[in-house]
Amino acid sequence: MAEPGARHEGERGAGAPRTSASADALAAVCFAVSTLAAVVLAVVYWRGGNTQAEGALLAVCTGGIGAGIVVWAKQSMPHDEVAEHRGAIESTEEEVAAFTADYEAGREGLGRRRLLLGLAASAFGALGAALVFPVRSLGPRPGKDLKHTPYGDGPVRLVTEDGTPVRIGDVAPDGVLTVWPEGHTDAGDAPTLLIHLRREQQFRPRAGREDWTVDDHVAYSKLCTHVGCPVGLYQAASGLLLCPCHQSTFDVLDGARPVFGPAARSLPQLPLAVNADGELIARGDFSGPVGPGFWDRDR
Amino acid sequence: MTATRPRKPPAPVTRRVARWLDRRLGAADFARSALNKVFPDHWSFMIGELALYCFVILILTGIYLTFFFDPSSNVVVYHGSYAPLQGVRVSEAYRSALDLSFDVRAGLVMRQIHHWAALLFNASIVVHLARVFFTGAFRRPREINWMIGVTLLILAVFNGFAGYSLLDDQLSGTGLRIAYSITLSIPLAGTWMASLLFGGEFPGADIISRLYVIHILLLPALIAVLLSAHLFLVVRHKHTQFAGPGRREDNVVGERMWPTYASKALGLFFLTAALLCFLGGLVQINPIWLFGPFSPAEVSSASQPDWYMGWLDGALRIMPGWEVRAFGFEIPNPFFPGVLLASVTFALLYLWPFLEARVTGDRAEHHLDDRPRQRPVRTALGTATLSFYSILFLGAASDVIASSFRVSVNGVLWTFRIGVFVVPPVIAFATYRLCKELSARDGLPTRSRVTFRQTFRRLLFSSDAASG
Amino acid sequence: MTRRWSIAAVVLALAVTAAWLLLFGGRARAQTTDGALVQRGRSLYATGCVSCHGPDGDGVTTPNGELRGPSLRNAGAAAAYFQLSTGRMPRANSTGQAERKRPAYSSADIDALVAYVASLGPGPALSRIDIAHADLAGGGELYRANCAACHSAAGGGGALSYGHYAPSLLPATPLEVAGAVRSGPGQMPTFGPDSLSDAQVNDIAAYVEYLHHPRDPGGVSIGRTGPVPEGFVAWFFGMGALLAFVAWIGTRMPVRRRRRDAAEAGDG
């Protein structure tokens, strides 16, 4: 039943729907335009398609239907303010009592077989636990994988992505090159930055790593120790490596120590040497696990 | 001549079909009550519908895309019609996405409508959540529905992330790397969880096909089920309404479902579809051909996730480089902004109705909405929280801001580090005062007598014990 | 008779010189051995560059040890061409990062200065550019591997630390790209011929040229930088439009009789 009430702003008055010729005409135009757009859309598709035309025509087609319906609803359909009774959400005392009575009656049938119920529950629980085990098949034990890269399998040549060995002199001073261990250019944990420092840059090797550089060439893991993005921005003039993901900044001249941003660990360094043919080799694995940290990283 | 009984003219088709159905379903009574349902028709009550309609568009366009997309990490050589990638080795997934974009008629418009719809799906949910929060519509009996809604938000965010990561392009692959590393940072279980999810070390060969199942089956099914429960509860509780003439706690005043409300709802669906089609055809989104195929050794500057993950990315950026290390174990840096902050955010969201009830001592049923100005403390806390997350969102764009305005990115990040603590209290204070002003001016009574100062005490000791 | 012969000889010599100058003089960039070009460069250098870069390109250090202008001995044609044709050099001051601006010299003068700087000592040469015969797809792969990290996948540039930035490549010509790659200006690393061959630099330059007008089949490109502008469009345009629709369709709260309504509504 309609209750008297104040009018809403922008609404026609309550009561019988007022049909307005102009409103109906507007709705009619909307539907007509929509129909036309659908036809043109079919033609556009048949003629080879065009993303902009398809999108625009779909928009006109659906928009025409929508606008037509809304205009029709707003102008011509009834707007009586109707009130509906809202009952209490809670069940009544009688309903609860009746439910409880029936439930208790049923429970009598189950009897006092506590032990049986307990065993049934444990069977269900055990089944549930057992069903979780196949999840284990989803992936291997994390194990040592996170602390080992292909460099750790022994001295190996550094190569570019297409497998070409890198020689001393390939990288110009102030230059940078991304390299991999030979035979593992698809390894996700092995991308390495080979940097050729300028003679006048003051490189300060970490303790115990004095012989890890060759001819002003230094190599660090390319994986950021924050969340693993490749640290691709080498700012040659300042000797800084910047990671584009979260702006961790590493000082190349100080063992790639983080100087700004969320990274908390230096980029692991690779021990370099030159073999008899003048090619750069890695003598062993990085100075620490590459990439982002995890629970037992230091164990 | 045999006498023939006069025949009645045959009933119209619609009536005969309805009769046929009713003989098998017996739904006339139920259908009648559905027709007569009353819905309050304030414009802010229609925002949840926007999310529903975006979801429908997502399903429709998504089904189309599944016929063309190939969720495989196998490497192939691209030979489609996009010249700058001719002969490049890419994954099947990336190749099928390129084919959809360049060589399938109407493929690109479907892809773009789908992606814009995902952005607007998440945006509508957030605006709807804000409306429900600021009007207090989460109070009893709607706490369960609020929690279902928060779950829907989480599912929408995850499903969006899974969806755009399927394409295996450089930008989304970088995002997967970050997701892997955040999983890795969880103490004790992190390395296991990451290995089980990715099938080994990053990147592995399994994640794309697994995300595909998650994206087209698991999460949409969960969303559909929870959405149905969400709508069922709205019908069961009947919608809330603003106070006004003739409106009480024990009635609902508005328009009948049939024909007006149903027509408006249908019209809004088509208008939403129209906007999404407009964006999908005319505004380019996610140009994966420029980003290139994913490689774990490459990255582009200006790498951000889609907007609804921006708060996480911003938090990761502005967090200083602190870690917790002891006895050879560590809690890595990304855990704090990536896992802890996210958990606290959603925990607070889930618990909000109960926290508020504890502080105000108000555990009654409510069907009349508050006007935000009538609840200065709640509104102030809400706007402050929104400003906190907005700063995190802006933080995710730190490098874009720095290069657009030619300022130092380090300075931008420091500004956000300070701003994230300074701005919310200022906003809270300003909002509180504004609410007080507006409600005094309009002669509206404040609905609760709790002040900021009392809030903490009541939170800890419950309002029943505290008196001031 | 000898007088006629000597006149003829002089005329012939002049004619040969004129012909030789016409054929080989002037605009050839690679001709650093062309004495006239280097001479012209030297005289331009003496008026425009010597105050910061010193006579013979030795560089200038101020009395308190600051470098006013670096040595150009090893700058090479690549650096000189890049700096001059993008207008970064000459600079009024040396604070901050050099910005692209209108070149101060005509292209003929730039050729001369490039020839002169190249004659000062061994430095990176400008590689040969012929983008019509480049491998666009190969250039794209090289670009994404070496350049996108700083200059972004679509070439729009990006932020570096402490106020530096990698500039947008959209105004860069192929030869400027080659010059920058070989000389590594400012914060940019240097890519020599043994890490990127001339053909590879050519491919990269071709891809950068493509980025000036890439295919945008999806419509308005909104910057091609990905989710940041997309998020803004989704919120301001998309959500704005949707909220406008619901404002059109739905009702607003009654504005009149508010005080009385408040009393009626009471403490619901």
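Letters A, B and C name the chains as they come in the text, with residue numbers starting at 1 for each one.
Keep in mind that, in the parts below, contacts are C-beta pairs under 8 Å (C-beta built on N, C-alpha and C of every residue); 3 or more make two chains touch, one makes a residue touch a chain.
It should be emphasised that the depicted structure is a prediction, and the values quoted were computed from it without experimental measurement.
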item	value
Chain contact topology (line, ring, star, complete or other)	complete
Pair of chains joined by more contacts [C-beta pairs], A-B or A-C	A-B
Length of the line joining the C-alpha centres of subunit B and subunit C, rounded to whole Å	42
Distance between the centres, which are taken as Cα means, of subunit C and subunit A, whole angstrom	34
Chain centre separation (subunit A, subunit B; CA means) in Å	15
Two or more partner chains touched - positions in subunit C	145, 148-150, 158, 160-162, 166, 217-219, 249, 251-254, 257, 261
Residues within subunit B bordering two or more other chains	108, 112, 244-245, 249, 264, 267-268, 271-272, 275, 279, 281-282, 297-303, 398-399, 409-410
Multi-partner residues of subunit A (at least 2 other chains)	6, 51-52, 55, 70, 73-74, 161, 178, 230, 232-233, 244, 247, 260
Residues of subunit C that touch subunit B when the two form their complex	136-137, 140-141, 144-145, 148-154, 156-163, 165-166, 207, 210, 214-222, 224-228, 230-231, 233-235, 237-239, 241-243, 245-247, 249-254, 257-259, 261-262, 264-265, 267-268
In the complex with subunit A, residue positions of subunit C that touch it	124, 145, 148-150, 158, 160-162, 164, 166, 184, 186-192, 194-195, 217-219, 248-249, 251-257, 261
Touch list for subunit B against partner subunit C, complex	41-47, 50, 82-88, 101-102, 108, 112, 116, 119-120, 123-124, 127, 170-171, 242-245, 247-249, 264, 267-268, 271-272, 275, 279, 281-287, 289-292, 295, 297-307, 310, 366, 368, 393, 396-400, 402-403, 406-411, 442-445, 447
In the complex, subunit A residues that touch subunit B	3-6, 45, 48-49, 51-56, 58-63, 65-70, 72-74, 77-89, 135-136, 138-142, 145-146, 161, 178, 180, 188-189, 191, 222-223, 226-230, 232-233, 244-248, 258, 260-265, 291-299
Interface residues, subunit A side, partner subunit C - complex	6-11, 51-52, 55, 70, 73-74, 161, 167, 169-178, 230, 232-238, 240, 242, 244, 247, 249, 260
